[in-house]
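Across the two complexes that follow, subunit A remains constant while its partner is subunit B and subsequently subunit C.
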Partner chain A sequence: MSTFKKSLKRHVKLKFHKPDVVKSLALPTLLVILVLIVLPMLLLLGYSFINKEGIAFKLTFNNYVVAFATSYYWDSLFVSFKYALIATLICLLIGYPFAYFLSKVHPRYQGIILLLINAPMWVNMTLRVFGLKALLGNGGIIQQFLVENFHFDVYNNGVALVIGLVYIYLPFMIIPIYTTLIKIDPAHIEAGYDLGANPFKVFQKITFPLSFSGVLSGITMVFLPTATAIVAPHYLYNWSSGGQFIGQIIEAKVNKGYYGEGSAISIFLAILITIMSLTANKFDRYATLSEGEE
Partner chain B sequence: MKVSKTTKRFRIIFLSVIILFLYIPLFYIVIFSFNKSSSLLKMSGFSFKWYSQMFDNDQLMDAIWNTISCAIIATVVSTIIGTLGAIGLSKYKKNSRNILLAATNFPVLNPDIVTAIGLLLVFLLFNIKGGYFTMILAHISFCTPFVIITIYPKLKTLDSNTLEAAMDLGAKPLNAVVRVLIPQLKSAIFAAASMAFTMSFDDFVITYFVTGASINNISTYLYTVVLRKTKDLTVNAFSTILIIFIVIIVIIRFIIDQQKYKSKKIKN
Partner chain C sequence: MSETNEIQERKAIIQISDLTKEYDGQIVLKGIDLTIYENEFVTFLGPSGCGKTTTLRIIGGFEEPTSGSVIFDGKDMHNVPCYERATNTVFQRYALFPHLNVFDNVAFGLKIQNSKNKGIKGFIKQKIRKKDLKIFTKSEIEQEVKRVLHLVGLDGFEKRSIAKMSGGQQQRVAIARALINKPRVLLLDEPLSALDLKLRQEMQYELKEMQRRTGITFIFVTHDQEEALTMSDKIVVMNKGEIQQVGTPEEIYNEPINKFVAQFIGESNIIEGKMLKDYLVEFDGKKYECVDRGFSENEIVDVVIRPEDIDIVEKGKGYISGVVDSIIFKGVHFEIDVKTKDRIYTIHTTDYHKEGTEVDLIFTPEDLHIMEKWTYVDI
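So, the complex of A and B:
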């Protein structure tokens, strides 16, 4: 036994350098992670505490104070989160039934419908907003028609923006939900019916809980980018009267060279979003847990 | 559980309406790309003039070239780095690996604007002037994490002993990786590459911040030039070409799908 152990040890020692070579394959990735992912975050954090006066740098909390003592930022956060929340809810209300019905379509056609949902995403997002602007933006063909005939101004009341956000991000809601729905074992559903549940009960007790992780990742994938959008609010919504999106404010600050304030808001956003996705993950863990138990 | 015909019909109508909703702005772009005048409100006649003007629009042509070349370079580089990175990381100790994987998740979770400003600060620190080079570096930095998170889970499902076996049989480590691991990862690598390409092709926010006003890709060109003057429909002509290209891909895929389905049915 001991000789076996010894030979095994020698074998391991001999082989030791080989996995090291494989490990070293990650070096370029480490470089990318260090210089282009970790360093930017550190710099953001650093800049957010620095006040630049001429060439002298001064340590300060002023950027955070300026950013959050004024109602300006809170208002803009409120506006961004309000629209993001509405858009996410509508995406969910349309996206869930869509994914559900899609999973019931003949398998022969599911692939192509999924492709039809994906395909518009390959047309540049800015190009699509450009198309929408001509329809719903200020002076757009539908917007003018509605103003003239119904005194309903989609550009000024924010409806155009909500439609635009839903239009752009709906696929991000549909796809994760659909992926979890088709993974559900039909036996679970049949078992529900055999035990006497009606279709509503089956959906409530079996289908929906099993697709919940898809719903959560859909919500994160829609909410985060909509809350920080720049292009859609710029063209589909009267932000000069309705309040700017947080992304637009960061854009304006950075373009004027106020890196400190821009960094402070960015850090705040990053922390907020980390908390949100951690919370989502927690729920998600319960979802996978219940899946595992069945 | 049988569903009634009315339910079925309702489902199909619902699916069609939503798909139509996703395509209306695209139809609109296509139709007005053939407009004689530069109006987006009224068709005043049919013409190809925006198509011929498109090739004379140097700014647009530059933007298209920048977008495509940058997407190709960023895709190739980030796919190679990311694939090797995923393979290398899988051999790391659990703790350091988890920390590194969490770090790669930053750009995936963070809003683009946060990533963009972080990168801008890095380029300022090293005194690299915004331009094509910073655009490519930035695209590599946000594509690589997506490649890693696509390939790493697939890598974990593979039997790690195959690599050891190849090395025990005398293959050099690099040779073993290329001959044993890469072929098994082919479909994941392809998925990662197409995702990287789409993300780079579609990017606005990050390119906008890291290039300054020095060069444009299609998105920033639209944002900074076209949407301000709007009397220029050459962009619609370009979008139409892009849309036609995508429609062709969709049709080909549909035919392949149907054929596959038929042959499967015969087999069964």
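So, the complex of A and C:
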């Protein structure tokens, strides 16, 4: 009886730990990835090679030729990346010190402050952009005031857009950096002091390198969505004179039924961003960091 | 506190006086007084929470004492930050920098030293304060790293990543990293506790050797009495934030000053007794000759007899009669419990005595260690 029970127990245990069962846990995610990411990407890829003439479809490279040859697209890419870069840089300059401060605060308050950082994300982004538009957008209260008194037009010179992007994406910079900072073993910091490094040197040689992976993911998490943003540039920025964001162009193409061209630009953008991400990840190695010694 | 004349002739490097430390109203150090001499291997020994690590951290500058002072080489260390002290630390979990390889970990101290002596600050120090500054060239740094890695037995490990090293190897890197700065005092915070027994014993020997060769003062924190006895020139036994006894390993082992020390250092038979007069003690209703003096007449004391100091003899030939209660083989010796009228004595002997045998116990006057009755008052 007892042997039977034992063997039954073992059997049940084994069955539970069978790789098939474990693998099946990944099925829902796999399904989502397949249906919502892989399939659309394939469709996108397919569309980018198709030209629609009337009701007939034709296989063509023309979409890519157009995408590459049109200087307007390149300008738009440049504008998108320029603002994304500025916003990312500002997010980093504000976010790192704040994350550092947050990691030093008494643990009791860290949770509350984190909650406050996340709080704006509970409100729909479009709504928040509309709110900003009322202040900084064309005819907004602050924009009007600055134009009338200082001849400083935040709507036309892009400042409003940068403020908007930073406002929306700052938490995505703070949180990954904060996460790596609190994971740093205090003994490493003490070891730095012990070996003669003053607080500045400890930060430069230990704290910052050890938090660098957080900085990189912060940069990625801010740069990618800002570079492809649609809503913020649409309302906070005079794109009709300053140049459209690449996301706006894609949106417009697709809305007007130019699926082929829109897809080609999207694929091109995706490749570009993939290359950038991979390059960024290359830096995320402890070994390469230690080379930067004097 | 007993210190030999030889030690007193040496130059004091650290003088700690009336050191106290409080955390949120909890007292962890209660007036520590201690002098550490040059070229000494000093061990802080005690159970966890006794304040040994706190004392070490105060010496290293990681923590400020609530009151009291640490004089280092004649200079008060009050408000001197950690990075300006001539001490280096080997941390309990080594704390090697994970983003640097072995070479860069070990060279860290020298590179920092260089960066301090370069630039405007260095220029001012050199030209105006007329200080002789050493700036290490790249090849000098390489040489130094090689030298200390050789010292810890890690030749050729320069390019190795920290994550790919065993605990013992990481330990050696940590020691090399601390030694490269040629500290006056090396602080070691339970550095062997994460190693297995065999490696630990090996490292004990090697650390002692390193200390002898380098001539650096080592302050070693441990809760392992065997480790302390093996390595130290001087042991500081601590408990509940107070120093219990300071002395050589022999002194601590043979002449424990109170019951706590006696119990903490090795196994002991501790018996309450009465000191009738100098050289005569009474316990369990019998009078015994001893070698201790200086207690007041009829003072209640603790008598310590080490298990290896008691001999088992035939019935009728010893001082105390009893029956062998249990016998356990311990490898080198047997541990025998002998039940007598008043208590059970633990005895270490190489002779076998069958359970239930009636025996007598005998010891010499030198085997009786008389200690003041230890009363611990909790605050």
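The rule we apply is simple: the second predicted complex is superposed on the first by the 248 of 294 C-alpha atoms of A that agree within 3 Å, B and C clash if a C-alpha of one lies under 4 Å from a C-alpha of the other, contacts with A are read in each partner's own complex, and residues count from 1 in each chain.
Going forward, a residue touches a chain if its C-beta (ideal position, glycine included) is under 8 Å from a C-beta of that chain, and two chains touch if they have at least 3 such contacts.
Note that the coordinates shown come from a computational prediction; the quantities given were computed from them, not determined experimentally.
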| item | value |
| --- | --- |
| When both partners are placed on the shared chain, which of subunit B and subunit C touches more of subunit A | B |
| First, second, both or neither for A:S263, with subunit B first and subunit C second | first |
| Partner chain(s) touched by A:H188 [first = subunit B, second = subunit C, both, neither] | second |
| Contact residues of subunit A, present in both the subunit B and the subunit C interface | 193 |
| Residues of subunit A that touch subunit B when the two form their complex | 15, 18-19, 21-30, 32-33, 35-41, 43-44, 47, 94, 97-98, 101-102, 104-105, 107-108, 111-113, 115-117, 119-128, 130-135, 139-141, 144, 167, 170-171, 189, 193, 199, 224-225, 227-228, 230-231, 234-235, 247, 250-251, 254, 259, 262-263, 266, 269-270, 273-274, 277 |
| Complex contacts: residues of subunit B adjacent to subunit A | 1, 3, 11-12, 14-15, 18-19, 21-26, 28-29, 32, 40-41, 81-82, 84-89, 91-92, 100, 103-104, 106-107, 109-115, 117-122, 124-125, 137-138, 140-141, 144-145, 148, 163, 167-168, 173-174, 177, 198, 201-202, 204-205, 209, 218-219, 222-223, 226-227, 235, 239, 242-243, 246-247, 249-250, 253-254, 257-258, 261 |
| Of all residues in subunit A, those that touch subunit C in their complex | 185, 187-188, 190-198, 201, 205-206, 209-210, 286-287, 289-290, 293-294 |
| List of subunit C residues in touch with subunit A within their complex | 60-62, 81-84, 87-89, 91-93, 95-101, 104, 108-109, 111-113, 115-116, 161, 177-178, 181 |
